[in-house]
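Think of it as A, B, C and D in the order they're written, each chain with its own count starting at 1.
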Amino acid sequence: MSAMLLNKEKWPDFVGKLTGKQLWAPQIKDEQLRFAPVAEGEEPALDYKNTRVPPKNVVFPQTETLFRFQVDGEEVDEPKLDEEVVLLGVRPCDARSMVIVDKLFSWDYDDPYYARRRELVTMVGLACSEPGLNCFCPSVGGGPASTEGLDLLMVDLGENYLLEAITEKGEALINETKELLEETRDANLEQKEKVINEAAQKIKRSIDPEGIPVGLPGLWEDSLWQRVSASCLGCGTCTFLCPTCHCFDIQDETEGFESRRCRTWDSCMFEEYTLHTSGHNPRPSRLERTRNRINHKYNYYVDKFDVIACVGCGRCINLCPVNIDIVEILKQVKEAL
Amino acid sequence: MTDKPKVGVYICHCGINISSTVDVEAVEEFALKLPSVKVARTYSYMCSDPGQALIKEDIKEQGLNRIVVASCSPRMHEPTFRKAIQEAGLNPYFLEMANIREQCSWVHEETEEATAKAKKLITASVAKVRLLEALEAKEVDAEPAALVIGAGIAGIQAALDIADAGFKTYLVEKTPSVGGRMAQLDKTFPTLDCSACILTPKMVDCASHPNIELLSYSEVEEIGGYIGNFDVKVRKKARYVDFDKCTGCGECAAECRVANRIPNEFDQGMGKRSAIYLPFPQAVPAKYTIDPENCLYLSKGKCGKSPKCQDVCGAEAINFEQEDEIVEFKVGAIIVATGFDPFDASRKPEYGYDDYPNVITGMEMERLVSASGPTGGKVMISNGEEEIEPKEIAFIKCVGSRDESVGNEYCSRVCCMYTAKQAHLIRDKLPDANIRIYYMDVRAFGKGYEEFYDRVRRENVRYIRGNPSEIFKRGNKLVVKAENTLTSTPVEDEVDMVVLGVGLEPRAEMRKVMDLLRLSQSPDKFFLEAHPKLRPVDTATDGVFLAGCCQGPKDIPDTVAQAKGAASSALIPLARGKVTIDAQVAEVNEATCRGCGFCVEICPYTAIEMTTVNRFGHEVEVARVNEALCKGCGSCSAACLSDSIQPKSFRDRQILPQIAALGVLK
Amino acid sequence: MSANNEPNIVAFLCNWCSYAGADLAGTSRVHYPSNVQVIRVMCTGRVNPLYVMNALQQGADGVLVSGCHPGDCHYMEGNYYARRRLGMLKDLMEFVGVDPRRFHMSWVSASEGHKWKEVVEKTVEDAREAGSFEGFRRRQIDW
Amino acid sequence: MDLEKLRETAAEVVAREDVKYLIGWKNGSYGYRVAPAFIEDAEGAAELIFSPLCISNLSTYLTLVEKLPLPRGQEPDTRKIALMVKGCDSRAVTQLLVEKGIERDGVVVIGCPCPGMIDYDLLAEKYPETEGLSEVKWTDDGFLVIRDGEETNVTRDELLAEKCRLCRYPNPLISDIMLGEPVETWEPAEDKGVEEVDKKDVNGRWAYWEEQFSNCIRCYSCRNVCPLCYCQDCILDRLNPTWVNRAVNFSENTAFNIARAFHLAGRCIECGECERVCPANIPLGRLNRKMAREVRDKYGFEPGLDPEAEPFQASYKPDDPEDFIL
């Protein structure tokens, strides 16, 4: 795989090349950094830590039509998925999250919608040089320049971006834009190491997950769950902003006699999550739901797929309205072990 | 589980009323393509027997379970088609009508637009009918008894009719005697029957009727329940006289230390009574009552050495220890006959009622001319200086009626005639008196009224058109200042006596009854009937009926007629022994109700109350609908934030698809 | 709006006054635009204000709620509640930027067939001026 | 406020046999964060704080706590919940009483007169949050920010939260125990946020909200944090009928937000929590305050002042405005 340099002066041309496809990148909209389609002439905004909402929407839309039908009818009409997407400026944690979620969507059943969208997306990552206050990716197997899930990694070297192809898709992208790129020198790679090491140094928060996955089942009845869930509002902020959360709900939506079956993100923190038709809910309160969130990420997923379903992006900590802090919860878990 | 909906759509030509504007064949073709529609047909008159037969046949043969009839307004034929589908074995509430006549073919000219609209309306009806639920009109037993509130002529008549029909009747009267206003009257117009002579037998009847339980000197305290099953609580006020022991001899009253010192209500305060009293000689029941406010013993704790009444009562009926008693019973229907108050003439200060003793009201005049009145029927009046027999007499009509300045726009309906009657009575007693009647209009609409008015005019009673503006004193005379509007001349007549033809007003205390029975007032402040023309004795509360002047001013024949009407209405549930409760009522989902009570606040029928239920070990408050009181208006539902109370057949889940169906068709 | 650019209007009428008034308009053969489709409810008090939002979301360009005049409600007070609720909704919708011409409320009694015609005409005219409301449609985005 | 007094009082309250626990504020896990605290003993009471960072309205927990099914024969714990409230929060308690969401003798209300809270976003923007815990105190004319040992005086105007600028009830209106003396009320500022929207034309307003509502991710934090959104089963979660589809798009998001704002009309006590917690930064407070203003100006009604008041949405006046009626 090749590594190339992109001088920042050529950045607009580089972006211009990509806008021929469906290009998604962080942009400032309504004073907020968010992933959004980049129209021609628009610039991605890369000088920020990370978007509030992760880009999982691109492969796992918050609302997705599975098929359409008529009430009382018998035919279904499935949407066509064939548009290629380039996700530019994705942070390593978010890219890693997709690799983690892939396991679920290709486990007992290959989810055709998810698989197709994954196929259609090219992930162009941007290594972190200024991690956020609540980042803890190294604790859970990631890092500021992790390449997992990326097709291409960009590292900001000041005047240049270093572009490293990770996959064939990334290689193809380098080929397509070759005329804008320069060859790398050794100094560039050293510089890259420096940038990444410095970034890693700046990460303040950490937790050693050693022992947590195996220990969690033993804490099922521990009083810590009551403590950490008491203030939970039961909103979906932590899960909707989590790049690895992937629960969904399937609904038939009807208007008049037209219907569609669609799926939408669901959140294990919602009261109606796992609510049975009978009215019984095996997770009747915020306690069980909070416990489920942590267990799902740090135990069930590890059991099943041998990986923690948390990438340490810190979003849930940043935006929890009542300061429920997953690192603090994990610390309490460790203490209780 | 309900079956999958199989809808039949029936499109009526209505002769050519619909089909000349709506392309019914095109609509039929369209309807067949709608979801769940198995059959669509057109027919010349769907409401005709063959039209209905068509529907019934399809229900039986094609297994239809939901019916849409696209024809005239549901206000017209909904009952017809409900009955038809019920006869074919379907639940009558599995019907929805699309109004393609009144609201389509008759109001749109172009076939294209009318047809397009008919399609939309049918689409919406199909969308709703698929989701309708089977409903059952419930029946509950009705208590075979009635309550009549107020024992004036209206209440007496209503009670007698119900009792005569064989049902127990509770007749509650606030004052110590039945009889009401009519008992105070002297003669009645236009026949000049003696009021007491025709009323007294009825009063006696109702006291002795085996089916009537007379609760005099009593007030209704609480009414709960609903038609067929009202729970009534009545307070029998303490009379301080043992009802059973009192013989009505009257010795107590004669001996009372405050005898002849207390203004007698029955005589409009013109006569005097004792603290222990019988309101009037013919009072029923003929039992004495102590007025606790004026009785020295009861109000001050001391009456000489010992109360004289107690001393003289041979029957030992006086009991100062007596307390109010609460009586409870159940009834199936209620008649409100609480009557009226005469207009308070003080509210027209220009007429000097408060200033001059010789300005009196019509009601006072009744007592003055009555042989049993304070003067024994002699027309004598004080002019402020001395008692005189008036020579110059003026009547003023419409005092407190048809008068926006006092808030009464209505006509009191009796003043024209009672004034004429009183003029006639005075003419009888004082052949030489000069009698003038100031009037705006003369309304002599009843049977024999115009004739009577003519007769009075021929008896040298002068009718002067013009309402007086002022009455003032000049010497020992009163001056009536007016303008004769027929001749446009100002008039200043000096008279000895003025009779104010006061109108009728709602009872001052009617609010209490309103609250007890959830009644409303019409703009004139009298009780509001359910419909001014077609349900004049009904109220918005099922099982509660109105009789007499509480509903609006009436003369005696109208009052009696209405009382009989109210009685016959009240007899319906009693005679049937059952009441049918509307099926389209609201229902609470107790699992989702959050107990905020918004619906309780809103319901105009107090059909909703909070009740405590046990939700998995926790006591929680939820709303519950009393189906017998609910009218299905749905006002509660629109305010329910958790969507937990829903009127059947008009549930959100039935209406929202209708909305959607109207939106999707372009 | 339909293909011929005509506004689509959903009207909620109370059974006792306005629906009867609309029936009377029919009996009197009063002609008026066909854009208004009526949903009959027992009382305007039944009209959940969110119906208005729902109708606009599902294809209506305008919504009308009509009931008995104040004091004439068959259920005594339903129209008073409706007036308060829908007045508030109208304020909210205006603040959100829904053209006020898209939502009207009226009092039409059972004897006011001609008033019904006028109300329909006004409602249609206003909705026509406000234009199509495709921007709020339920199925616009990802159906 | 005297923190010793607060902690002492709290310790006394939680020591009472009829009190289950006390809900107050404590320091969060880092930076300026403050977290709700559920205190059951004196040790816990020692953690309590009351500072310009205690902006959250804790009264939502009164109805948020689940009533889980009890095993047969087990009696529910009906002990009182003690709750610390600021002026705005106290109105939520009152409104909950009006709506029978809570019972008066089920709560011990501890009033905290409030000199005004800090806008967290403004603060973090000017004085970025650090890993360690920072402290903010009231001074005579503003705030003292203590960050990593460094003290900075900031004027009140610079950091005061919007809801506090508009506040008319800084002192608790209902309480069983009042901590400290009432603060002097201040002249409420003009509601520039509502005015900014108000002065746009109707299409401008639609465009404004279209942009805002498009950002909504339907996490329902606005609803869940609201002390007055306490239905067991919210109609916006309901499927039969479906008022608002689960689909997240501009149309459904708009419907959701209109429905939410409408349900709060005449009920919202303007604590601003919905806006504070919104991860998409939608200025939800503007919707609620606009409705509150209409209800106050046109109908002469303010919720959360009188526990005996008729609920606004369940009452009417014969002379309610009807200028909008054709």
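A few comments on the model shown:
Please note the rule applied: a residue touches a chain if its C-beta (ideal position, glycine included) is under 8 Å from a C-beta of that chain, and two chains touch if they have at least 3 such contacts.
These figures come from a predicted structure and were not determined experimentally.
Looking at B-D alongside A-C, one finds more C-beta pairs in contact between the chains of B-D. Between the Cα centres of chain A and chain C there is a gap of 46 Å.
Centre-to-centre separation between chain A and chain B, using Cα means, comes to 71 Å.
Averaging Cα coordinates per chain places chain B and chain C 35 Å apart. In chain A, the residues touching two or more other chains are 63, 254-256, 258, 262. Annotation for chain C: residues touching 2 or more other chains are 49, 54, 58-59, 71, 77, 81, 85, 138-139, 142.
Chain contacts: chain D has residues 68-69, 242-243, 245, 247, 249, 313, 315 touching two or more partner chains. The touch graph of these protein chains is complete, with an edge between every pair of chains.
Remark: chain A residues 70-73, 254-258, 279 touch chain B in the complex.
Against chain B, the residues of chain C that register as touching in their complex are 1-3, 8, 10, 15, 19-20, 22-27, 29-32, 34, 37-43, 45-49, 51, 54-55, 58-60, 71, 74-78, 81-82, 85, 117. Those residues of chain C that touch chain A in the shared complex are 58-59, 138-139, 142-143.
Residues of chain B that touch chain D in their complex: 591-599, 601-602, 610, 615-621, 639, 641-644, 651-653, 656-657. Listing the residues of chain D that touch chain C in their complex gives 197-198, 200, 202-210, 243, 245, 247, 249-252, 254-255, 257-259, 261-262, 265-266, 287, 290-291, 294-295, 298-299, 313, 315-318, 320-322, 324-326.
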